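Please go over the structures that come below.
Shared between the two complexes below is chain A, which has chain B as its partner in the first and chain C in the second.
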Partner chain A sequence: MTVAQTDNDTNGERIGAAAHAEVEHPSSAVVRFGADRPLDLDSGGKLSPVQIAYQTYGTLNAARSNAILVCHALTGDQHVANEHPVTGKPGWWSLMIGPGRPIDTDLYFVICSNVLGGCMGSTGPASINPQTGKPYALDLPVITVRDMVRAQAMLLDHLGIETLFAATGGSMGGMQVLQWAASFPDRLFAAIPIATGSRHSSQNIAFHEVGRQAILADPDWCGGSYLEAGKNPHKGLAVARMAAHITYMSDEALHRKFGRSLQDRDALTFGFDADFQIESYLRHQGMTFVDRFDANAYLYMTRAMDYFDLALDYDGQLAKAFAGCHTRFCCVSFTSDWLFPTAENRTIVHALNAAGANVSFVEVETDRGHDAFLLDEPELFTTVTGFLKAAARIRGLS
Partner chain B sequence: MTTEMQLRTMAADPSRVDLKIIAGFVTPGARVLDIGCGDGALLMQLSEEKNVDARGIELSQKGVNEAVASGLSVIQGDADSDLATYPDKAFDFAILSQTIQATHNPRIVLEELLRIGEKAIVSFPNFGHWRIRTQFLLAGRMPVNKNLPYSWYDTPNIHFFTIRDFIELVDEVGATIEDSIALHGRGRKIAPTVSRQIWNLFGEQAVFVLSRPNSSKS
Partner chain C sequence: MTVAQTDNDTNGERIGAAAHAEVEHPSSAVVRFGADRPLDLDSGGKLSPVQIAYQTYGTLNAARSNAILVCHALTGDQHVANEHPVTGKPGWWSLMIGPGRPIDTDLYFVICSNVLGGCMGSTGPASINPQTGKPYALDLPVITVRDMVRAQAMLLDHLGIETLFAATGGSMGGMQVLQWAASFPDRLFAAIPIATGSRHSSQNIAFHEVGRQAILADPDWCGGSYLEAGKNPHKGLAVARMAAHITYMSDEALHRKFGRSLQDRDALTFGFDADFQIESYLRHQGMTFVDRFDANAYLYMTRAMDYFDLALDYDGQLAKAFAGCHTRFCCVSFTSDWLFPTAENRTIVHALNAAGANVSFVEVETDRGHDAFLLDEPELFTTVTGFLKAAARIRGLS
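This part shows the complex of A and B:
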């Protein structure tokens, strides 16, 4: 047990170092925008320089009309359909994206960039602040979903892609998709926002706040300057991840997977070790997460989601965000998702209806909760396949 | 392939002859909303034959998934709760086929159809058909037939009405009947010249095309 723990720690440190190396020198394509191309931020300032790390799959056609932007969620990154350079695991959406998959890389040119404020190569709080030569930490201005989308638009300009055939993503990725439709309707032919909301609910902000407080309460957080101090607030970040992870699953799925089963033991220990499998599972989720994710980036990402309220920019009327939008939408929700329940997704659909937009909406029956969008859900795949095929036909791609 | 199969299924089902009649009322290139569109067979037919801008609403997840997967724009929802979000006259035709009897508030649904559609096309089974009347009179049982195939305890049809009842509702909401057709069994049309009393007795189902300018709505 002790030996295994030590191995784990060494392994974790190795992965942690690899993850940190990704911040400045990612195992991805990179574009750097210098002082001549500052990024306007919602908080008022400008960010410069800006680095965007991204992955692409498939081939851009001659007309540059077959690009699909994939927007990642809170703890995702650009490694959507390739082996992860740090963890060695398959890409987080490799079931959805690839040759012959719903987002077929034989047909489409898929782009996924690490969001602004992230920690896998795009400018974020772990990046070096050129003015100080030290990591930004909390000196990085707070980033919003709209800032992330602006950065993605800069990347597309750089790649010479005027119009996206489609944008898709779940959760925070879905927020970016909605923001794309609102900010750049003429650059987006089709949109597939999945398991998302037009704003972050009070309950969701509450869960995020618990996570942030766990990080802030970790003495190794060092007021945000833990990288300089050579520390890592892994305990706080792990607790944040554990709390969040519960919200990604459903009661039913937890019961099905773990029930009240005990972990490697026949009886309760009458102590505070991980007696139950669910405890062990959550601890594992927390431990593996801290090795690949930056604590400050977690603060920034959660804040971006909390601040997201698309209607706010449009007199509180969500439909106005989509006024005159010719994008074809396909919204998807999951029956057991209580983080972004069907009602939240339906609000988007109703706003799109009110705006006269072309919208489809599918609620997928599953007991796997919010995380269902990442999992093997045949109804999701059928829907995305069919929607994209029809859109491609109308777009003249096939 | 799927579309052809759907159309064949549609054509082979004489009780859904109303769909062909409805399709006949829709003008090419129109904006169409089919409420309760099932797997989207009518929308598919209208898109292919008349190049309409086809949208649908369907309650069953299976229907929605099939329709979206076949490339139609369909949302999961129902006539009672999802019509309110559409703007006035958002569609040239708002279609409600064989569904109004299953809504909770048929009058509100009808008014919503008239609000969001330049024209509303409504088809429904006629509870006043002579066979239903005799079945009820002689057997003393709630009628079960091919248009109303459910027992009373499991039927989704919660409002039963006749052609005459429907016309009365149309009057009440101040709508105009632009066109109407009543159908015998096996889908033959009843002569439009005969009285509505005759329609009510011999029509197994009916299709009405209605309109109402929005200004008349309070």
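This part shows the complex of A and C:
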């Protein structure tokens, strides 16, 4: 293993220059697995070299038993509790993670790595393919959630952590948590999958397909080779983000937050400008997203979620995925989440029960939709705090 | 008034040639209002000339009292119960309208006109602007639902119909029905607004904005002047259609119809082809739509829906819109419709009750989502049949 030192030009014509710099030279710690440690992929091949960028918070105890792996969602990254190097914003789960927070960095050693296929320093489609000296683009094999988890396990090996105290994450992060329990049950003491599903639904695949088609429709996508061409399909990516963003919020929350309020005007303009606040908000979401995210990485991330169907590897029986698993589970859903509705989360709970696993389930009452897992939701925080405290006692961490 | 005779080239580079031919020379009857009969627009100006293309079915009785106006939805048109001249498919409501059908053409004279701003023969952005000799494109003023209804009233004047026996329609069609009751209460005996709302919600505006941005992001949109440039933003329009199409179906129906089934393959391909049936289905929806619809018309139609907020003209009090209205109402919603959920329809019913109007309300149990109003839904048909029969008796039509 060697730390990445590949040189790479960046310019503002691609993704934001600051974001593109993160691809090869991330602001995070990096481990690079060389030819001696290729990664087996679900698609059949092997990937090598593999670079993983990660952040840690808190201190690993002497017994190496207090590590919590945080798995990020579709467009998240490893900057979970520190200022983001590109946007300058607080980490995406800084309400959840820190000293005295539910995931208390005074007690736990928190690790978050950029997923395989991402664009913040772990090997992804914007990374340089050593065989060509050019970005992989679509030459990177399609990555699955299981591939992401395999890469995380390699990172833990590198860090000398045999068993995780816990793994947690929402949405695609929750899928990784479930995959961890299925693939490495002996390495996982506790698990908190949040607002997720054991498989991506037809409706969810549909929304992702709209996003992908928006990117593919952008002539600046250049068949995927936009980096090489010095272009950036930012318009297509922005449309993809806008469509997805609607699914992260509930109808009620949109009504409460925006309703039909007008944006900086007293009357309708009878045109196609952003008359309504919701239009202006969505456009802003699209525009800021393209400054920090890579269009091909978006294709790979959405595909990984679409392909996720945990039961498929177990004769279609989800309970079998958790057979003999001693991990303690706390599943969380949100009442107004229509992307991963409570029913999808309950399916996981039922399977865990059928497998005789130790599982608790909390449905948090909120009108904030899927994104609630990222927001200030006291019931979520209380749940995570209580579950981890009890698990830590049993694990002998207190 | 004169019938349109403007000549206009068509070619396959634009919208489908057959579709484009419909803009100026529709397969329907046409009335053209000249400078003597301009149309007042909500945006402030007047539109002239105005062409309205329409279909009729059945026979107008001697008392001219058996006319039913059918109002079409966003991407519908006047071909409600006849073979579509472009697609060759049956009319979009041929299950509802015909001899012996709920809207029985043996009893009623059914009229359906292409809405103002459309692209099937009524004046819209693809129509020739007589002042320039070129398509209006974005020079056409933004059209509102009330403008559409004013144009329909002009058509009824032309046909010598003072009072409609009934008006009906789903979605944007339902908005027109509500506007009819508010604008011309004395010209409307009965009304059946289906799967609609008195205003477009924030979430609905958001989905429309995604569609518009997808069109605007297509370089072939050419700032709206694609017809003049001999181009067609079909990629952007297809993405817009795909996003919208998801909102027309319920999560349950998608699960039942497609689930995670693969399209013509036994295993995942680990690529970005349409592995899943739902992807293939959505792509097909996008591709076939662009053959029959004009991108600018899509912008105008979505804007008209977004702008709709009936209460706004009545001090924000919806009940005032129906004050003193003698129209008999039958409101219909569908349990799985999340675009215009039952709650939105119930708001209309509450306002009608508050106004002392005669109103009945049926929530149809179905898992087919918003599109249920177009499908074979026996409870919908029974409801419409029964309501119209009772109303006809009171109206003395039997």
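The working rule: the second predicted complex is superposed on the first by the 383 of 398 C-alpha atoms of A that agree within 3 Å, B and C clash if a C-alpha of one lies under 4 Å from a C-alpha of the other, contacts with A are read in each partner's own complex, and residues count from 1 in each chain.
The rule is short, and it goes like this: a residue touches a chain if its C-beta (ideal position, glycine included) is under 8 Å from a C-beta of that chain, and two chains touch if they have at least 3 such contacts.
The shown structure was predicted, so the numbers you read here are calculated from the model rather than taken from an experiment.
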> What is the contact status of A:Asn358 with respect to chain B (first) and chain C (second): first, second, both, or neither?
Replying inline: first
> Is A:Ala390 touching the first partner chain B, the second partner chain C, both, or neither of them?
Replying inline: first
>> Which partner chains sit in contact with A:Thr382 here, chain B, chain C, both or neither? Use first/second/both/neither.
In response: first
>> Contacts for A:Tyr314 in the overlay, against chain B (first) and chain C (second): which applies, first, second, both or neither?
In response: neither
> Which positions of chain C touch chain A when the two form their complex?
Replying inline: 42-44, 138, 141-142, 199-203, 205-207, 209-210, 212-214, 216-219, 235-236, 238-239, 242-243, 246, 249, 251, 254-255, 257-260, 268, 270-272, 274-276, 278-279, 282-283, 286, 299, 303, 306-307, 309, 338, 341
> What residues of chain A sit close enough to touch chain B in their complex?
Replying inline: 328, 330, 346, 349-351, 353-354, 356, 358-365, 379, 382-383, 385-387, 389-390, 393
>> Looking at the complex, which residues from chain B come into contact with chain A?
In response: 53, 55, 61, 64-65, 68-77, 82, 85-87, 90
